[in-house]
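Quick one: the structure is below, questions incoming.
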Amino acid sequence: MTRTDRIFRIVSWIIALAAVAFLMLPILITVVVAFSSSPVYTLPPPSLSLRWFADLQTKSGLVDAVLLSLNLAAVSTAVSLVLGTAAAMAVARGRFVGRGAIATFVVSPLMMPGLVLGVAMLQFFREIGLRDAYWSLLLAHVVITLPFVMRTLLAAMGSFDFSIIDAARTLGMSYPRAVAKVLIPNLAPAYLTGGLFAFLASMDNYPISIFLTDARNKTLPIKMLQYLEEQPDPALAAMSTGLILLAVTVLAIGARTVGLNRMIQG
Amino acid sequence: MTSTPDIIAGTPEKPRRATFDLIALLAAPGLLFLALIYALPLALLLFQSLRGADGSLGIANYVAFFSEPFNIGVLMRTLRVAALTTLLALLIAYPTAIAMNRAKGVWLTVFLVAMVLPMSLGVVVKAFAWSILFRANGALNQMMQAIGLTDAPVRMLFTETALVIGAANVFLPFMVLPIYAVLQQQQASLADAAASLGAGPFFRFFHVALPLTLPGIVAGGAFVFSLSVSMYVIPSLIVGETQQNLPMLIARSFLYLRNEQLGSTISAILLIIAISVVLGSSWLARRLGARE
Amino acid sequence: MRMQVIASSQPESLSVTGAMTPGDKRYLEVSMVCKSFHGVTVMEGMNLRMARGELVSLLGPSGCGKTTLLRVIAGLMPADGGDVVLGARNITLVPAHKRNISVVFQNYALFPHLSVSENVAFGLKARGETADMQAKVADALALVRMQGFADKSVTGLSGGQQQRVAVARALVVRPDLLLLDEPFSALDRKLRETMQVELKSLLRDRDITAIFVTHDQEEAMGVSDRIAVMNAGKIEQFADSSTLYARPKTPFVMDFVGLSLRLHGRVVGHEAGVSVIETARGHVTAPVDLPVGSAAIIAVRPELVRALDMTNAPVAAGCNTISAHLEDAMVLGSKTILHGRAEDGDRIVCELSGIHSGYRRGQTVRFEWNIEDTLAYAVGP
């Protein structure tokens, strides 16, 4: 290693650590503000208090929004996992024209501007007479979550040795059972990762949802932005802190069961 | 005489005959769903944008849009901010991915958590946290004055610079992870091989490391660019109405102006930009992959 | 013969081919190199000397330090101490890309984004030696018989083809020294033998000095002039293959290079130049000076052992004899191998030329060999 190599290496480490701090900064701010006693976002906070966490109970609209978002995220992720497994298997195992095109197509919603999708779906649902906000949101969120699931599953199935399914079949399992008992457990990390990213993407989605909500069905990001515009106070930071804790728990579980590195690298 | 396959020139693999495979049917439900709920609405949107107020087909809507200098300004701003964000993200992400590639154990976990945990925060909260930071009496200004960079509070909020920084922060993981993935797949001995052949550090970077990571850069860059072009929440909270980008214009048309025609037209333009980015990056990726 | 087992790293400089000036004998000189990883000393006081044009192998089990030594010589890893001198240059502190030492890696390390000819040209471009580049590349490819593949992508090549491109790439820059890290281990057996012969004649024709790293004893013996048998960071013996085989310095070398009949025992008698060792199978006389009372190992190469099935024939003078029950008789066509039942750690094996099908499992056989063929080592107090 020459001296230039050494300098390269040190500089890249410095930048990387700075990037980690950079990425963690918003999380830090949020958590600090959540424990601040002041209703104004002064940093550093004058003193610490838990009042905003207690305050959350009074914000019923917020709780409803959380529940709706969790519901949408969970259901759409589940649907995507099923549809995604089937589609990924077709692409990974099939030998037909257009496999690559199908893979690109299913992952493409990621690259489309959310707002445009929202507008398009709004107009389309109106055309076909779908007025229910919940069902509109659910359909839209499947479109949001499916690409995340597909991307991870495609990669995982691409490196999966399918001959062990054949082995299971020679030992007496039917094809569906072999898939259920052999393929899915082995792809657990991919499911965990894909499901996690999909879930988060759904929870976090604003641009598509804004067009499909109505007064009674507001997802969390929409409600939060509304709050920020109307009466910004650190209660939102308190709730976000709760969500961060949830994410840390999921990551910790993932780390223990599957291994964090394996999980994130798919 | 036996001639091992290595001694004579290898025959190229016979191309697989494309046949219909029953397993393709598995993809049907997902494809059908996306076709109906995703592709069809988008196609209708594009079609709508070509319809005039009297129902005739034409590009009148586009002409109307582009004849307003204000609109062109918004378009340019959108593209410019997206390009700057992508560039900033790349400059930070590349060394980070390199360091991550070398990291082991605890450090690797730290990096990976740093990439993934911010996603749990949600874009609204993140953008809001940045708006707090950028305030005149915010922590960044306080810190800069404390270490003597400036004497008076610098106006950061409502500037394009702040927007680019905030956006780069939100989208950074999406630039790091593709480059990291490519680095992981690389043989470690390539750098050694290059060195033993006489390549110094700079030659190695430009002729080995950079070309091999280019696919990751293209993938990450395309993704971050399209995210930046489409962002709504981040600019709303950091620069507000003073500097609108295309998505903000769309939202305004629909939610405040109630001008759906205009909103659809702008949406179509944004869609065309996004599709161009997808097509452009996959063309680039294919060219890189096919290089001898 | 040596008195005792000394795990020393003193190289045995035997004569080398051709007329060489004294300077040439020390074309590559590694002195007192040491290296530790994470506090664990991997190598200490490593000395190695080889002549220009020599083909040397570093042979040993995994973890013996052979790859570490290779990387230190190549400059890919800095030594903690010691010197590396090549020709007249002390290259200890010279970075890898300025040493003019080419390396062929175990997985070939071909650049996937470059074609075959671009790979070969890489070193020339890196050094700025672009004059006649096309011609040099073409020559190098012709040398390894890959001239038809110039514009092909490297990713479609088979293992053997990739290896040849890697060799061409390493040689086109005319290195002062060529290092090869287990270059044949990824190839199947048939191909391996072909490539070893090809590579050896190629290197010979061009008078190239090369060091191979391998764990395959047959490969080392086939390809090199001298072999450095390494164990736990030290060179146990550095000699040509016949010396290693017939006169191994330590039990490790004896076991690693070739098979042998071996018995452990204790020295019970000693006269000038001769020791008697008592083993589980009886007394064995060896033409070695060993201190009485020390634990010892005796060994003899299987093809020097004769089998007698007449248990009551007189013991021939000047011979060692042991008896054993026959475990197995393997008739392999050109030779027959007899395995006798032996106690733990011992091995009784005899190799007879030709087909001998009369042996039955369980039968008692007397094994006999000449005293002067006996190898013996003291292995402890």
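Some notes on this structure:
So that you can tell them apart, the chains are marked A, B and C in the order they are listed, and the count of residues begins at 1 in each.
The criterion applied here is as follows: contacts are C-beta pairs under 8 Å (C-beta built on N, C-alpha and C of every residue); 3 or more make two chains touch, one makes a residue touch a chain.
Keep in mind the model is a prediction, meaning the values are calculated, not measured.
Compared with chain B, the chain whose C-alpha mean position is the greatest distance off is C.
The leading chain pair by number of C-beta pairs in contact is A-B. The mean-CA centres of chain A and chain C are about 56 angstrom from one another, to the nearest whole unit. Centre to centre, using the average C-alpha position, chain A and chain B are separated by 17 Å. Residue numbers of chain B whose C-beta contacts span two or more other chains: 200. Chain C has residues 95, 97 in contact with two or more other chains.
Within chain A, contacts with two or more other chains are made by residues 2.
Residues 74-76, 95-103, 105-107, 109-115, 118, 122-123, 125-127, 145, 148-149, 151-153, 156-161, 169-170, 173, 179, 190-191, 194 of chain C are the ones touching chain B in the complex. Here chain B touches chain A in the complex through residues 16, 18-21, 23-27, 29-31, 33-34, 37-42, 44-45, 48, 92-93, 95-96, 98-100, 102, 108-126, 128-130, 132-133, 135, 137-139, 142, 169, 172-173, 176, 181, 184, 200-202, 205, 222-223, 226, 229-230, 232-233, 236-237, 247, 250-251, 254-255, 260, 263-264, 267-268, 270-271, 274, 277-278, 282, going by the rule given at the top. Only residues 4-7, 9-10, 12, 187, 189-190, 192-200, 203, 207-208, 211-212, 288, 291-292 of chain B touch chain C when the two sit together in their complex.
For chain A in complex with chain B, the residues that touch the partner chain are 2, 4-5, 8-9, 11-13, 15-20, 22-27, 29-30, 33, 41-44, 83-84, 86-87, 89-91, 93-97, 102, 104-106, 108-117, 119-121, 123-124, 127, 139-140, 142-143, 146, 150, 197, 200, 203-204, 206-207, 210-211, 220-221, 224-225, 228, 236-237, 240, 243-244, 246-248, 251, 255, 260-261, 264-265.
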